[in-house]
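Read from first to last, the chains carry the letters A, B, C and D; within each, the first residue is number 1.
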Amino acid sequence: MSGHSPEEIKKHVKTYIMVFGALIFLTIVTVGISYIHLPVEQAVLLALTVATIKASLVSLFFMHLSNEKKIIYGTLGLTGIFFVFLMSITLYL
Amino acid sequence: MSHDSHGHGGHGHGNPLADAMEHYSHLSFWRKYVFSTDHKVIGIQYAVTAMCFLLVGFGLMLLMRWQLAFPGEPLPVIGKLLGEALFPGGVMSPEMYNQLGAMHGTIMIFMGVVPLSVGGFGNYLLPIQVGAHDMAFPKLNMMSYWVYFCGGIVMMLSFLMPGGAAASGWTSYPPLSVIASNAQSWWLVGMVFLITSSLLGSVNTIVTAIQLRVKGLNFFRFPVLVWAQLITAFLLLLAFPPLEAAGVLQLMDRVAGTSFFLPSGLVVSGEQLHVSGGGNPLLWQHLFWFLAHPEVYVLILPAVGIVAEILCTNTRKPLYGYKTLVYSMIFLGFTSFIVWAHHMFMTGMGTTLSSFFQATTMIISIPSVIILTTFLLTLYGASIRYTVPMLFAVAFLPMFAIGGLTGLPLGLTASDIALHDTYYVIGHFHYVVAPGTLFALMAGVYHWYPKVTGRMFNQTLGKIHFWGSIIAINGIFMPMFFMGLAGVSRRLYDQTTYAHGKVAQPLNVVMSYAAWSLAIMQLPFLYNLIVSLWKGEKVAAENPWGGTTLEWATPTPPPHVNFPATPEVFREPYQYNSARQIMPQFSKEN
Amino acid sequence: MSALIPYIDEPHPVTGVTNGKFGTWLFLASEVMLFGALFSTYIILRTGSTSWPHGYEVLNIPMGTVNTVILITSSVTMVLAWASLKMNQFGKFKLFLGTTILLSCVFLVIKYFEYAAKFQHEHYPWSSTYFAIYFTMTGLHGIHIIGGIVVNGYLWGPGSKMWKANPEQFAGRVECAGLYWHFVDLVWIFLFPVLYLL
Amino acid sequence: MTQNPYSLGWLPINISTHGADIDRLIFVVHIFMLALFVGWGVYLIYCLINFRERAGHESDLHVKHFKLPTYIEGAILLIEVCLLVFVSSPIWGRVKNEFPPEKDALVVRVVAEQFAWNIHYPGKDGKFGKTTSEKMDGTNPVGIDRDDPDAKDDIITINQFHIPVNKPVIVRLVSKDVIHDFSIPVMRVKQDIIPGIEIPIHFEANQTGEFEIACAQLCGLGHYRMRGSFVVETPEAFAAWMADQEKEQLGGGDATAAQPAEGSQPAAANAQAPAAADTAKPTDGQTAPADAGAKKEGNQP
């Protein structure tokens, strides 16, 4: 959000295109890995790592989280904590 | 603050606030009072609808109390009217009893108390108390009311379904709820509506409180009610979605034949259940209580906020420990997310897990004690003016204390073995919600009535209402503890089937008479509310009670934009000068 | 009305965000919890089951991959649409947002063929817990896609009139719609490996 | 039975070996609650009267800082933690986890259904016969496979749960349909029964008598009448009762045709039955004749 002058936006556009390339590449990687039929634990670990990287790219660049205001980080941090509490249900069942 | 002049394209001249009022006054009746975007109108819509639902929910309980006190005896007059299907020979059937029980809980919590405290008081007071001219998203606000209204209608219509309304308790535990009659699907659809409405409302509340507060109103100058609403909104925002997801999953189980909550090999009434199986009934309980425990604090926090406002106004001294109170509420809200499984101690939980949830439950009792202590100490050295709202607010304190204290033996796993799922639990949470939260809401209704309507209510009727209610309500809920200790399970259509139930049966008769008396004691309240609209003494003063927060800066009743000129805040709430006169937040003089 | 509510088109001096953006993020926070509950359901059902099919045995991976690429592309065109507005290029904005809408429709069409193929093979929600979670999660995601199409369609069509009256506010709206759209993409990024590849 | 086991004012009598600890905890917690409530109450009433608005009285604006409340809050937390760590959790561990060895105990399966308790005794061989949900129907409530050699001597009763006194009992809880809750108030026993999971519990009775099992979790229309008879008898009386059951259920030699014992009808049949049908008290004589003697013996000191 810091720079919204047309010049800076142009720079942003370049980043967007690069991120797009990375996302497509990672999609191909994750599909490729799935054809190897790794043991379940390794497959889960790999697939989730790739998905997390992709998700971070989308949120950092497309959703501008790389450079956001404190209030947004605060909200998401709180959500993150409660999300962990929510996922902890999986440990009990 | 000069921001008011921004984003104002059309009218180039004049005061934008005056323009807005002018524009609003030309709107049609429908846009003004029905599909209004004014937060005050929406707040009143919420409050009135919620109070109607509260009456409905209370009415269901009055019917149930007949069966409980006099099991198997025909209900006089009403039994015949309600039809042979559900009242064969005028006697309430077990089907009907379970429907009334499930719907009483659902209506009271999701359609009554929360919409009144969050939708009603939150919508009406929060924007004014932060000095805003409206909520941040007025159209969204209107939408959340109408979504809530639709949810309410769906719930009420479910009574007309063949086989009646949902009958699996307000907790809707599967597999019972999955194999239940069609109305359960209506219940789920209704819940999805109500949840959606709450989510939209909480987004609006948070943005309004944080973005629209006026100049000078930093966070530690917020009135306690604003803090309470803000924390509540966060709880709703983050705790409700898991229940929405669970509701969708249960709906899938019922409608699409999936088995999210159904394990393999179920045999119902001697027949194999033809489902794929593989689901987990406890999953529902986890997702449900992940919402429903924070929901308890959704019920109690706005009540705490209202009581704080009224205590501070009527003790004529500052609140004791404002920051402590605020931090306690934040801590309470946060911790409420990690105690949910104490509702599930009896589901076969191991020692480690139960110890963890026991510990968090004990920890969460401390901020509640601190809140109570703050209020009690505020009374010390006061000059207490016993207005009707003050009576209710004071009564909240011991009632909330009983509710909180009786949570203790339930939160300790060992004593919970004896008390779990008995009347003790019912007594416990009703003390928190009925003479606790509802008394605070009644106090709020009386306290802000002159501001909202411009008329004063009748004090004598108000006092009759108070004294009658406090006696009757204790007559209902106090015996429940003894019933629970005697070991009587909850949700029994006729407890005399059991020997231990038969011994405790006389208590049921006492409770029923108390419940019906409580109903009679609400008549002066309703009469007072309605008739005072016309007959009440006119209130011309902006600040009839001597409050210190921003709503008392508005004209009575507040106009469309609340404040003819955008106000400014100069100090903390609840301040008094050396001459013992109030120093309102909005007044510049010292 | 807008005169009464500040920070619709300019950020709040303290928080630094507009009302709309803050509201959108709060909404997304609740969405995180919604899908979080569904993902934990998935984990619980899978770890508790005796047999769980590999996604690649029962689902069509090429179709899923194409859909992933489509959704990622629509996400990038969405952010480019916003960037075009910021660079004052309304024509490009229309082009990019139009592409986003078109791609989301293509996504749904492919989804329809996938569903149809499943039904043909007699895979229904009630067939197994795997298909129950597959249809529920992709269905709910599909509803989110439809919601996105409606919002983006409005901003592309009638809503774009605001560009003339108040470009700042309009760009803000597109940004919020974008945040939502990226979130929908983000959910799919997790759904795809979880349901198709593992 | 001379003394009514149930009271209006406090807990029912306790006849289990573990229950006394629970009762003591409940008592202590209530004293603690009462002390706090009375303390707050006295202070509140003092404030309400002493600081009321009246001529010549003005509010005291001098903000005092009270230390005592902080100490009280600290004390409350301390007491709660002590109750949790030293009382509640150890009891819970003992009651729910520390199982007696199976060879010393009577092991029983309880199969809950809408709205009856099916009690499945392993019989003389101490082994449960195979049960499957496919075999469950109106005449075979637990779905026992009588072709299984272990099943030949299994005893199944409906709503009749007999145990010997002073002997550990392990109960494996299963549900056929919905969630039930196996509750025996006098035993301080309560456990949800989750369909799809077998949950074991254990307890030991130290007094004979005739009591009842209640369902504590809403399980449908008949939740209120899901009452089982719970009889604690001397080992001799228990053996005699068991022998009677064997004669009745297995006596004909044709084990596969054996019918479950007396008690209420299977659920489906009496779903609409009027409430009065089974409102019998435990002493109403709805039970087997064998335990009449046990009752008398149980009351001897």
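The definition used in the following text is that a residue touches a chain if its C-beta (ideal position, glycine included) is under 8 Å from a C-beta of that chain, and two chains touch if they have at least 3 such contacts.
As the structure is a prediction and not an experimental result, all values here were calculated from the model.
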item: Leading chain pair when contacts are tallied as C-beta pairs; value: B-D
item: Distance between chain centroids, defined by C-alpha means - chain A, chain C (Å); value: 14
item: Where chain B and chain D are represented by their mean Cα positions, the distance between them in whole Å; value: 34
item: Mean-CA-position distance for chain C and chain B (Å); value: 34
item: Chain A and chain D: spacing of chain centres that average the CA atoms, whole Å; value: 51
item: Residues of chain C engaged with two or more neighbouring chains; value: 15, 17, 22, 26, 29, 33, 36-37, 44, 48
item: Set of chain A residues in contact with two or more other chains; value: 71, 78-79, 82, 86, 89, 93
item: Multi-chain contact residues (two or more partners), chain B; value: 210, 238-239, 242, 280, 282-283, 287, 290
item: Pairs of chains in contact (touch as defined earlier), listed by label; value: A-B, A-C, B-C, B-D
item: Chain C partner contacts - residues on chain B that touch it in the complex; value: 1, 3-9, 11, 16-17, 19-20, 23, 37, 132-134, 136-138, 140, 199, 202-204, 206-207, 210-212, 237-242, 244-246, 248-249, 252, 256-260, 275-280, 283, 287, 290, 561
item: Touch list for chain B against partner chain A, complex; value: 210, 234, 238-239, 242, 280, 282-283, 286-287, 290, 337-338, 341, 349, 353
item: Touching residues on chain C, where the partner in the complex is chain A; value: 11, 15-17, 21-22, 25-26, 29, 32-33, 36-37, 39-40, 43-44, 47-48, 56, 61, 65, 68-69, 72-73, 75-76, 78-80, 83, 86-88, 178-179, 182-183, 185-186, 189-190, 192-194, 196-198
item: Of chain D, residues touching chain B in the complex; value: 4-12, 21-23, 25-26, 29-30, 32-33, 36-37, 40-41, 43-44, 47-48, 51-53, 57-64, 66, 69, 72-73, 76-77, 80-81, 83-84, 87-89, 91-93, 95-97, 113-114, 132-134, 136-138, 143, 176-179, 181, 183, 185-186, 188-192, 194-197, 199, 211-212, 214-225, 227, 266-268, 271, 275-276, 278-279, 281-282
item: Residues of chain B defined as touching chain D within the complex; value: 71-72, 94-95, 98, 101, 167-169, 173-176, 179, 263-270, 272-273, 280-282, 315-318, 320, 346-348, 350-351, 354-355, 358-359, 362-363, 365-366, 369-370, 372-373, 376-377, 379-386, 394, 397-398, 401-402, 405-406, 408-409, 412-415, 417-422, 482, 485-487, 489-500, 502-504, 506-507, 576, 578, 580
